[in-house]
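Report on the following structure.
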Amino acid sequence: MDFGLTEEQQLLQQTVAGFLENECPPVRVREIFESEDGFDETLWKGMLELGLGGLAIPEEYGGAGLEILDLALVAETLGAAATPGPFLGHALAGLAIAAGGSDAQKQRWLPALATGDRLGSVALVGEDGGWLPEEWSLAPGAALTGKQRFVPFAHQADLIVVGTAGGGLSVVERGAPGLEVSAYPGVDRTRRVCEVGFSSTPAEALESGAGAADRLRDAGLVLLAADALGGASRCVEMSVEYAKTREQFGVKIGSFQALKHQLADMAVEVEPCRGLVWYAAHAMDHVPEEAAHAAAVAKAHLTDRFMQVGRDTVEAHGGIGFTWESDVQVWFKRAMFDRAFLGQPAVHRERAAADW
Amino acid sequence: MDFGLTEEQQLLQQTVAGFLENECPPVRVREIFESEDGFDETLWKGMLELGLGGLAIPEEYGGAGLEILDLALVAETLGAAATPGPFLGHALAGLAIAAGGSDAQKQRWLPALATGDRLGSVALVGEDGGWLPEEWSLAPGAALTGKQRFVPFAHQADLIVVGTAGGGLSVVERGAPGLEVSAYPGVDRTRRVCEVGFSSTPAEALESGAGAADRLRDAGLVLLAADALGGASRCVEMSVEYAKTREQFGVKIGSFQALKHQLADMAVEVEPCRGLVWYAAHAMDHVPEEAAHAAAVAKAHLTDRFMQVGRDTVEAHGGIGFTWESDVQVWFKRAMFDRAFLGQPAVHRERAAADW
Amino acid sequence: MDLSYGAEYEQYRGEVAAFLKANWPLEGDEAGLSHAEQALVFRKRAIEAGFLARSIPKAYGGSEQPADALRGQIIREEFGKAHAPGDARGIGTMMLVPTLLDRGEEWQKQKWVGPTVLGETTWCQGYSEPGSGSDLASLKTRGELVGDGWVINGQKIWTSGAHRADYMFCLVRTEPEAQKHAGISYLLIDMKQPGIDVRPLKMMTGTSEFNEVFLNDVKTPKDWIVGKRGEGWLVSRTTLKHERNSIGDASATEALFKGLLDLARRSKRGGQPAIEDPAVRQRLGEIEGYMLSHKYSGYRQLSAQLKGENPGLIATMNKLNSTNIAHRIAKLALDLLGDDGMLDPQGQGALMGMAPKGAPGWLSQYMSSLGVAIAGGTANIQRNVIGERGLGLPRDMAVQRSK
Amino acid sequence: MDLSYGAEYEQYRGEVAAFLKANWPLEGDEAGLSHAEQALVFRKRAIEAGFLARSIPKAYGGSEQPADALRGQIIREEFGKAHAPGDARGIGTMMLVPTLLDRGEEWQKQKWVGPTVLGETTWCQGYSEPGSGSDLASLKTRGELVGDGWVINGQKIWTSGAHRADYMFCLVRTEPEAQKHAGISYLLIDMKQPGIDVRPLKMMTGTSEFNEVFLNDVKTPKDWIVGKRGEGWLVSRTTLKHERNSIGDASATEALFKGLLDLARRSKRGGQPAIEDPAVRQRLGEIEGYMLSHKYSGYRQLSAQLKGENPGLIATMNKLNSTNIAHRIAKLALDLLGDDGMLDPQGQGALMGMAPKGAPGWLSQYMSSLGVAIAGGTANIQRNVIGERGLGLPRDMAVQRSK
């Protein structure tokens, strides 16, 4: 009985956290945030060198063969540092192919995703909305025609896993004819999104895509929940730190009871959620019958908490928290992304309700 | 242009408030609260002497011929003092007959209601729930058979206006054959409720009951909103008073920022609602096309505020606020009554939404 | 309760309308003037006719009318309907003019009140500094009397309109030996001089409604001081706030709610318009209760003004109440936006009294609902004021000690 | 993550089950004993077998087992399944016994620990007084040494179980000259003597879970003091809280949520079961997120205990978190009750770890969700503790000053 992390898992988190402390401090985050395409080659290469490109890809295909929980722990750590870059879409593309590809398809794509020689992404929502596999509307086939929105880092991606009507998954590769990628004005400048158009664009369907779609959905929900956990925790830390430093009326503002209680309430919103995220990730590999429910609850709960705590963090910083100059906005906007990407909390609460 | 009270109206409120200060201080409220039947003849007689029995009954039938706003101002004042007794049901019975009775019916019942020689009440919900006229289920006719719940002070009432299927109204008089009244274990001991059974019980339908039912509903909603406004305001006063008196760590607890801000939030919940109640009452007599909407919003909003502020008041009083001995419980339980009687906030919000 | 304006006032409304019909829009050559020039020409006539600058003495360029909040309200309504320029808005008319009228020297009133109420001269406010938000006693910008002028050095923040203002009214520490509040003076500064560096302060929405102002050996004449040396904090506090337009405040909230209803009609939930979703309807209904309460509170306050009564507790609550409602509206809007909640507000700023139409506008509103709280002092300061001034609770110990 | 207990522990579970099979329920003549007597007989055997009073030295009547939270958890689970008496609950085992073990004289441990862990001797706690809630320094009950005994006068409140307790452990001001905390001693008092008047304190639910205790010339021997004179406040603070049963705490919340789901199935909204209403489902879903978070936090804390690690920040949050969840559940329950929300709770008290079934039970829960906050110190005190001890924020000025 151990509802906690193994030493290896703690080490993994520490390693990633240590790397980010050096390579991705807030000042670096801000540079990438302000940059044209939001993609920092050096940072991403560094992450790949740590093996973050293929954490959950099976060892036989060049990955580390770890579990969703390990992936979630990394996502949490990246979220805490507001790490800019394509981790989310890349990880999901690898999971999708690992879950739904034929052996040949896995051989073809996974090793390059694991090393990061090729960058992956996912395109899971159409123009009319609907993130759930049963809502996907793009007609499947050897050639795709239509549009998908909110595709992370599609402007950099070498291959995109696309959700198709009926819950299937197809892979479209960079440079395919009729593929058109246009940058989208996304609020979260650490995770850029694009609109992707297909016009008779050649695509290869994953062999058992329909079976893999649910796993892809759940993994995505867990990674967003984990990112939100990391981000929300950092928000609490930033606010507490500010309250311990900033003075008003001759004392640290953290000694004022009203602010102190607001900070306590923020902490109580966030800290108890850690186990919820762990369990949702754990269930994906070990308690399959509870996986969908746990992932839905975790995504809904954590992204709501992150958004609320993000608002509280702006307030706790006073006027300065509302400025572009303040780092607070970076986490605030990541919260907006986490909450909407793959569907809002209400959507997943309604799904979870079906299990009662 | 005057969105405010006339001098007469202010005088009316002051008169009632002064009367209650003398005749219905908290200690008296508690005695009646603890009593067997919750009915205090002396207090009720005093209220009748002030003319509160027939405020809104037309002058030609012995009443004061005032408006719903006047009635609401009295309800607010009674709510502030948590006045025990049958005012609500009595006032609604009078309004129902005034709105729906034939001239003969009015001649027969209103003068005695106005003087209080006879006590009225209303029976507006059946065993399966449904407070709205279109939900009433008791079969109409010269004789009624069935059960109604939550009939205020039916054990004292001389006549009861009963809602019947199709939105009609019938009057049943005390002592009618087959009429059975049993006291109900209600939470609000200042406004006792009964279950009333009919078994081929003679009843007289009001001539234009169907037209009067909506007015009866709206008036009821406004009076509950007004009661809640008075009660919630008093809750804020009690909490502020306690915070100014009680000491901890050598200072008044009201100087602690956390409590101060909670009290400020309570006040902001309540004080801005005054105009909402006034307008809903005013609309019933002068802006009929807005009356139903305004009454629905006022009832939903005010009874929610009262309930929340009631909970806050318990907390603001610490442990003692949770005891039977504390007066707080009296207002807290009135909030529970106001919120549920004539239908919960959600029901009336849904009705109001139809006008958007 | 009498919600009509009454015959006398309706007649007055007719006079206002007639004036507008005759005078707005400008015609002939005047129609060719710039917007700003047209506003000046028109305002002069409206002041002469007694419709604008009503509380300002004629001697200083106003129309010196007897106080009558209902006439004021009618003027606002009719001028609004005709899209005619009303009283010059901004911090100059709201704060500087009442301060000058109350505490200024005669020559100061002569020089500044008229052009300011006309909208010819504009002001910005130099109170806040980085590091001193609500705690003004800690401000650090220093003024030294050198010869017959002040030399000012320091930094101000949250200075709205600084890039286009002609002058700044400013709190400056002139008596370094004096304790806290006692060392502060209220100075007026010409913004068009070297040594003043205005830098827009970009907000998280991408817009810049505020500025930082750096003052580096900035100069102002010795007598451009309001009140005595060291009285600045008092002078700034005795400023009577401009008669609050409680109706306008509530109308803005109502407009925002109507925009939210519209958004709910256009958004989808499970294939249906979101406004049909019972969960959405309940949340809308809760907000409607708050919004209507706020609206009728506005009427109550106007009525109290009309009767010369103190509106009481409610007036101290306006700010926090409308902030709270804006928060609720913004949160529901974000939910209604769905996927569009990931879009960028694209530099859309706050809209004065209007509801946003597209997603970027609502996203800006979502973020700005936080900024609103900040601009008017944070919510916690408001709660302190309500608790202490409104409810009469004892002062906070820490704050008390520092005074 | 390994949520199984592992082979070694499953074998231990078998041992526990085998013991229970052989020893509970009691048989023969013993089956005829009263419930209380049966519990004593059984507990003695379970202590001998090493299953109860595990942390208590054998010398004082315990089974002195090595600390092992998972064995503890297994014992609770298996004893629970078999409906066998577990460790004696109550304030005596939770607070008095650890205090005595840590600070008591040898003769005090010999006299009281054994009977208390057996459940033979029961205690009540005399800390709170009317007028001194969380501010113990202000307590007024006085003890005077007269001859070789203390004479105690005063009043205690919120004394749970006082009417059936054998003894009270009590904070009493014995050094009237000393400042605040320094004048307080920790005395033990026999409850069965004249001068003690226990009056039930009726709650708004109609039940009486607490009492007021009036002490009028109450006597206790000179050496019935734990620690030295004037050390009482320290002694009461050094009490190690009974190892917190975080799993049990979370299970209670989960049971309450399941009861709420059940209520939603049985209640109607617009003619349909309320659980079908989208607005209700969203609120239930929000609560589920909080409830599951709390549940898994319980597992995290148990795991930390197993590894001898400090569970950290989360442990200080349990109380406020479960109070918050109970509030949310209670509020939704009131909405689901509809008209029945006007009914009386009819003297239904709080249910330990169980969900109410009927309307009166839920109404009592609705009110008790407020009482819960009070019993464990109000929510604001919890927030202070989290802010100061958990987050390391500076102390409050007012409280600081009074220390």
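Labels A, B, C and D are assigned to the chains in the order they are written; within every chain, residues are numbered from 1.
We take it that a contact is a pair of C-beta atoms (placed from the backbone, for glycine too) under 8 Å apart; a residue touches a chain by one contact, two chains touch by 3 or more.
Everything numeric in this text was worked out from a predicted model, so none of it was measured.
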### Query
Looking at B-C and A-C, which one has the bigger number of contacting C-beta pairs?
B-C
### Task
Compute the centre of every chain as the mean of its C-alpha atoms, then state which one is farthest from the centre of chain A.
B
## Note on the structure
Here the gap between chain A and chain D, centre to centre from mean Cα coordinates and rounded to Å, is 42
### Message
Among all residues of chain B, which ones touch two or more of the remaining chains?
### Response
251, 255-258, 260-261, 346
### Multi-chain contact sites of chain C, meaning residues that touch two or more partners
278-279, 281-282, 380, 383, 396-398, 401
### Footprint of chain D on chain C - complex, ascending
277-279, 281-282, 397-398, 401
### Summary
Listed in rising order, chain A residues that touch chain B in their complex are 256-258, 260-261
### Query
Which of the residues in chain C come into contact with chain A in the complex?
128, 130, 132-135, 137-138, 157-158, 201-204, 206, 268-269, 279, 334-335, 337-346, 360, 363, 367, 370-371, 373-375, 378-380, 383, 396, 398-399, 401-402
### Query
Within the complex, which stretch of chain A touches chain D?
1-5, 69, 236, 240, 243-244, 251-252, 254-255, 257, 260-261, 263-265, 267-268, 271-276, 278-279, 282, 286, 294, 297-298, 300-301, 304, 346, 349-350, 352-353, 356
### Query
For chain B, which residues count as touching chain D in their complex?
125, 129, 149-150, 184-188, 193, 248-251, 255-256, 258-259, 307, 311, 314-315, 318-326, 328-329, 332-333, 336-337, 339-341, 344, 346
